[in-house]
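Shared between the two complexes below is subunit A, which pairs with subunit B and subunit C, respectively.
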Partner chain A sequence: MNKLVKLFITSISAITLALVSFTSSFAKVDGEYIVLGSAISLTGKYSSNGVHTQNGYNMAVDRINKMGGVKVGGKSYKFEIIYYDDESNPKRAAQLAERLIKQDGVHYMLGPYSSGLTKAIAPVTEKYKIPMVEANGASRSLFTKGYKYLFAVLSPANQYLEVAIDLAVEKNGGKPVRIAQAFEQDAFSQDVRLGILDAAKRTGSEIIIDDKLPKELNDMAATLAKVKATKPDVLVVSGHTKGALTAIRQISEMKVDVPMLAMTHCDAAKLSKQHGKNSEYALCASQWHKNLSYKDKFFGGGKKYDKDFKKEFGYAPPYQSAESSAALLVFKDAFERANSFDRDKVRDALKDTDMQTFYGNIKFGPGGQNVAKPMILFQVRCKGDTCENKVVAPTKWASDKFYHPIPKWSERG
Partner chain B sequence: MDLLIFQAPILMVQASLDGILLGILFALIAYGMALQWGVMNIINIAQGDLVILGGYIAYTMYLVGIHPAWGVIVSPIIMYFVGWALYKLVINKVVDRDLFISILATFGIAIVFQQLMNFVFGADVVVAQSEYGTTMLFDNSVTLPNSKIFAAFISVIYAIGLVIYMKKSRLGRAIRATAQNARAAKILGVDTEKVYAATFGINAALCGVAGALISITLTLHPYVGLPYTVRSFMIVIVAGLGNLPAVAISGMGLGLFEEFADYILGTEFRIGAVFMLLVFILVYRRFKLSKKREYLK
Partner chain C sequence: MNKVKQKDLMLYSGLIILGLAAPFLFSAFKVQLTYLCVLIVLAMTWNLQGGEMGYNSFGNILFYGLGMYLTASVQVGMFFPLAEWTESGGEKTFVHTTAEYFQGIGVGLLVAAIVPTIVAGAIGYAILGLRGHYFAICTLGLGIAAGEIAGGIEIIGAGQGFTTPPFPAEIVDPEARGQFFYFLSFLVLVLAFIFVKYIYGSRFRLILNAIRDNEDKAEAMGIQTMKYKIVGWMCSAFFCGLAGGIMGGLIGYIDSTDVAFDGREMGVFMVLMAILGGKGTLWGPIIGATLFHFFKEGLWTFILGWQYVALGVLIVVIVVYFPEGLMGWLREKYPERFGEVIDEKDRKAQVELK
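Up next is the complex of A and B:
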């Protein structure tokens, strides 16, 4: 009897174990579904951008599934995403990545929001050899570590404002310019700074103010007083949304006159809405804009994406959503070219990606960064009290002329 | 580059005024902290989060079309009751325990407040516009936002008002008596429980005023409370408890020191420099204290 019970328990455990390994080995492709995993910030300090990212992913999943799904080995599969909330916490994100891979058996990952969290997850996906396509980690250091399974659809951070320096030099008749810059002391902003240093070297320009703003700081008065005293040709500021909002508030209050002001995070900060006319003429780096002429068969072009997104989620898509949608297009393309669910084959297919999406051309460099898509610059322009972002560079997509120099505060209404 | 301030001495005027104006605002927050620290022996880690909540009250008014400057009246009234409720719900359970427990409790409150504000107001950085314009001095070479001048002015008014209230009113006297000797005050008929609740409420109200002022001068975000806690903690450490003029001077002094550190050492060292100063002050104060102890022997 006793033996029988033991045998019974052993066989039950064996079956359970078999079932567990059975389900997990099929979790990557579950019936007609290809299961992707993502840890994403649905609560905590990145929650707004986390939700933009998730909406972008969901929109692309729906669209691809509706339009025939992913064809592998003559069969059509659909995408499905398992989400976990990482609470905007890097440690939690890394744990959840382990959980997605080990417990849920996910074999393909989508990135989280922000460079910091991507940096936390990348070592995990790399360890388990899980291909990850990410859309919201732009820090240059992600692409210099030799990661083999990380692919980013966005341009790296050092490219954000390089174009702005070229533009300043062009407006100065090809002569070098004097640059004042203020960057927050975080990975992303410091990468943007490195890009400016390269551009300054290339153009022979001189950096006359190079302030590194502490993270806790929400007052830039000292930096702006220095700018006022030294009168540079261009002022460059990057410090996430807080930096962008603080800069515009204090530039307008202290009446700092600079011929050109270049920034990051203008649309995430809703600059033109929160500061209205005071933000006019600010030049902003962006990964994407709806007016660009890129096309694909799933979303059409940028304007159609903008319209469809608004219809589904009730607000205009920020670039964080657009690039997240593009990540799924990349995965679909790679699965079909690999024509297999073998992780290494999919990884090799990702490496050879060379395609156009509504978001831009995508081709991965040796570090995994997207090398085929330039950054764009828009300028805030106002008519009466309503302000809009107008694309001014590169010239191929410019819808409006770049307004330069910025009129002095004493001449602005 | 670091010596720009000596090449253009007018920058010294700008730096001094910027430092003093901001310092006064920080001194107001620090005064609330000193008050409840002195009365209840509680170091409130949630101080900065109360400030930010006060700021969001003013920001909400701005969103519905009321000028955010009215926040300096509305926000302290609401925040007084928030503080009072916090005392009744949490603080009175830990007020008789040691300092460590109270730090843990207020740290917990800080986290809850951050998450709640994130939930209600969203994770975006926001600003309220006062449209107060700019004061220009010395042929436009020194520019001061009127919103900062307004903030300093309101802070001074509240501080003076509070000093008078503490001196003249019944509750003020009861608070001071409790701070000096709680047991004696209780024996003489002071309802210390009420005094503690009121003190916590007054501190929260001061945070409310400061928050409303920050919404029109700086930026708001659910997670930026901690720097305000740290700053007011430092001001109190430097100034000592229950001494308003010292708190005001220490607030302005630290503001000035920070601005000049920015020009002379560089922006990346401005906060580090303030912390170095704190270390020196702590060492110096202990030195003085040990001298006193020797004298007592």
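Up next is the complex of A and C:
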């Protein structure tokens, strides 16, 4: 026992020493670098969107650094990001935020992917008064908590598909519609659901199916069987990338006929590529589309961003990447206006942000949400075997006409 | 005898001093240290069934998640309408005063300890008749079911998740929150250790061992095995509930399947840690949890994207090379240090026989 105790005590003191020497943290600004921190989902259920987010961040960092960096106090600085993998788990994300701030000495944060993870990180950044610009947490409840250091470049989740219901009512001659809806059990999708409930109330529409689907959505056959039986006017589905893929796969397998299908995350799921013609006519909510006419000096316009992104990463950028890139433009702008690395000055500068980026106009409301940019809807349309996303609403940017109703499967070639 | 006790005393007081000083020594690592305390509690109490009783439970996560939701619900519900708090997009903001916050979490933790214990009793009565793999699979189902059910209950936030009350704003020191949760978890750790240590010296442990080694024989000897099995599980549930309550407050956001009833991570980790250190020993789960936590925190970030592969390799290595855990391995290598006397002549005789 004696030696064992000795061994134990020795190892504990060794660990102690190691930890003490580790505690010396890096600085927020390291030489010519401004260090940002981010916990990103590189594994787990959000891994594909996590990578889209990371690519968006990296693309913007490269571009800004190449084009002269960030000028503060007459000196030019470069951005650098410390990443950790949060494994798509809120518990891990909160812990990593703490680690970024306390151990890595990060003073400015970039958001994670998904509302749930942002909800977990926001209390931590708030506690340490760390400004966080996030691009992928859209849940409305993030903006009603009175957070002062949280800024979101995207529109809140409840706005995602409200427009779709309005559109359905319009197509129905202004009369209320019957809505079937299925949402994943997570913060974001449940917020999209709240938006639909509001829209239904406003238009007097009736919700005839209101299903909740498990996370990591792989099967929604039960909901679709009900849809087949009750024949609603609109089917609304939201469940991140997996939800979009599952919905299209099963709708085409089961030959479910519904006049209008509204979804989220179509472009992140690369729906038009993966399911081709089967995904035609699906209506998708999006934060951004390359055809929009917004411009900035770093990326040019949406089309140029699309081209550059494709060249760099080999696939067309979903809006998750675009909004993530925009987050860095916001940070750069704020640093330069604050002309300081003082967190509170940067925070105040962020609050006063009013700018245009290739992704859209950005101006923050009192809760930290972006109030300057509307959501858009696009529809998957095919020509031969190539399918594309065409913007159909709102009318200001619509490049194509909205096709309604969706033809029956028996009539589709 | 006296000498040994003195040595133990030194060890324990050393550890307690280290535990109390830790958050000041490694201020930046407070959250990780809190996790460590919670992980040790979970591993140590899992060991009561898995190690001592031989009933591999994947269901302890049920009590952990239950404790988490209960603490948060009580903490909010005592002062504000719970439904309005959890409703997403609610316009009203409720703020706990300092006194309300601590009263709430105190009562919440009490409830989080008691209710899971009762639940463990009730469920245990129903399913502890199952043995071996059947029990393991059944408990695995419990955790998953609980997560899905919690994800459908609106009043606790359902799929939106539940944001636990923020630490009172009147306490301006940003270190205070970390210290509070660290000392809370350390307290629970000390209590759990004293309790488990007490059990190790009691007849109760021998009964649990008897159940593990041969339940039928134990029954034939007149032990009411069912009773002891249920009580054993209730003991674990008590501490799991407390651990969950603390974690809920620390994380600040409860999600039904990813944070509370997180069988895929916490539920597996607690089993893994106990096995890594050596199940059926007092120090095994503690050493296992500590090593595991260091492994996880230290290496995880250097192998981004591959950490679960590394974890898989670790599991395989443990199972293949250390089937009895580190403590079991040490015991085999240095039996004399564990107080086992080996008769050299006898050993040689055995070798010659072979």
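The rule we apply is simple: the second predicted complex is superposed on the first by the 379 of 413 C-alpha atoms of A that agree within 3 Å, B and C clash if a C-alpha of one lies under 4 Å from a C-alpha of the other, contacts with A are read in each partner's own complex, and residues count from 1 in each chain.
We adopt the following convention: contacts are C-beta pairs under 8 Å (C-beta built on N, C-alpha and C of every residue); 3 or more make two chains touch, one makes a residue touch a chain.
If you're wondering where the values come from, they're calculated on a predicted model, not measured in any experiment.
Contacts of A:Q95 after superposition: subunit C is touched, whereas subunit B is not reached.
In the superposed pair of complexes, A:Q103 makes contact with subunit C only, with no contact to subunit B. When the two complexes are overlaid on their common chain A, residue A:T144 makes contact with subunit C while staying clear of subunit B.
Looking at the shared chain after the overlay, A:V124 reaches subunit C, while subunit B stays out of its contact range. With both structures placed on the common chain, the touch criterion links A:G116 to subunit C but leaves subunit B unconnected. In the superposed model, A:T43 makes contact with both subunit B and subunit C. Of the two partner chains, subunit C is the only one touched by A:D85; subunit B is not. Set against each other, subunit B and subunit C touch different numbers of residues in subunit A, with C touching more. By the document's definition of touching, of the two partners only subunit B reaches A:A229; subunit C does not. Within the superposed three-chain model, A:K212 lies in touch with subunit B and with subunit C [touch as defined at top]. Within subunit A, the residues touching subunit B in one complex and subunit C in the other are 43, 185, 212, 214.
Contacts from subunit B toward subunit A in the complex involve residues 1, 4, 8, 10-11, 14-15, 18, 22, 115, 118-119, 122-127, 129, 134, 136, 140-141, 143-145, 147-148, 218-219, 221-224, 226-227, 230, 259, 262-263, 266-268, 270-272.
The touching residues of subunit A, when paired with subunit C in their complex, are 1-5, 8-9, 12, 15-16, 19-20, 23, 25, 42-43, 83-85, 87-91, 94-95, 98-99, 102-103, 116, 119-120, 123-124, 126-129, 139-141, 144-146, 158, 183-187, 189-191, 194, 212, 214-215.
Subunit A contributes residues 43-49, 182, 185, 208-214, 216-219, 221-223, 225-226, 228-230, 240-242, 245-246, 249-250, 253-256, 269-270, 274-276 to its touches with subunit B in the complex. Interface residues of subunit C facing subunit A in the complex, by the touch rule stated above, are 4, 7, 11, 14, 18, 25-32, 35, 88-91, 93, 148, 151-152, 158-161, 163, 166-167, 174, 177, 247, 251-253, 255-259, 262, 265, 294, 300-301, 304-305, 307-308, 330, 334, 337-339.
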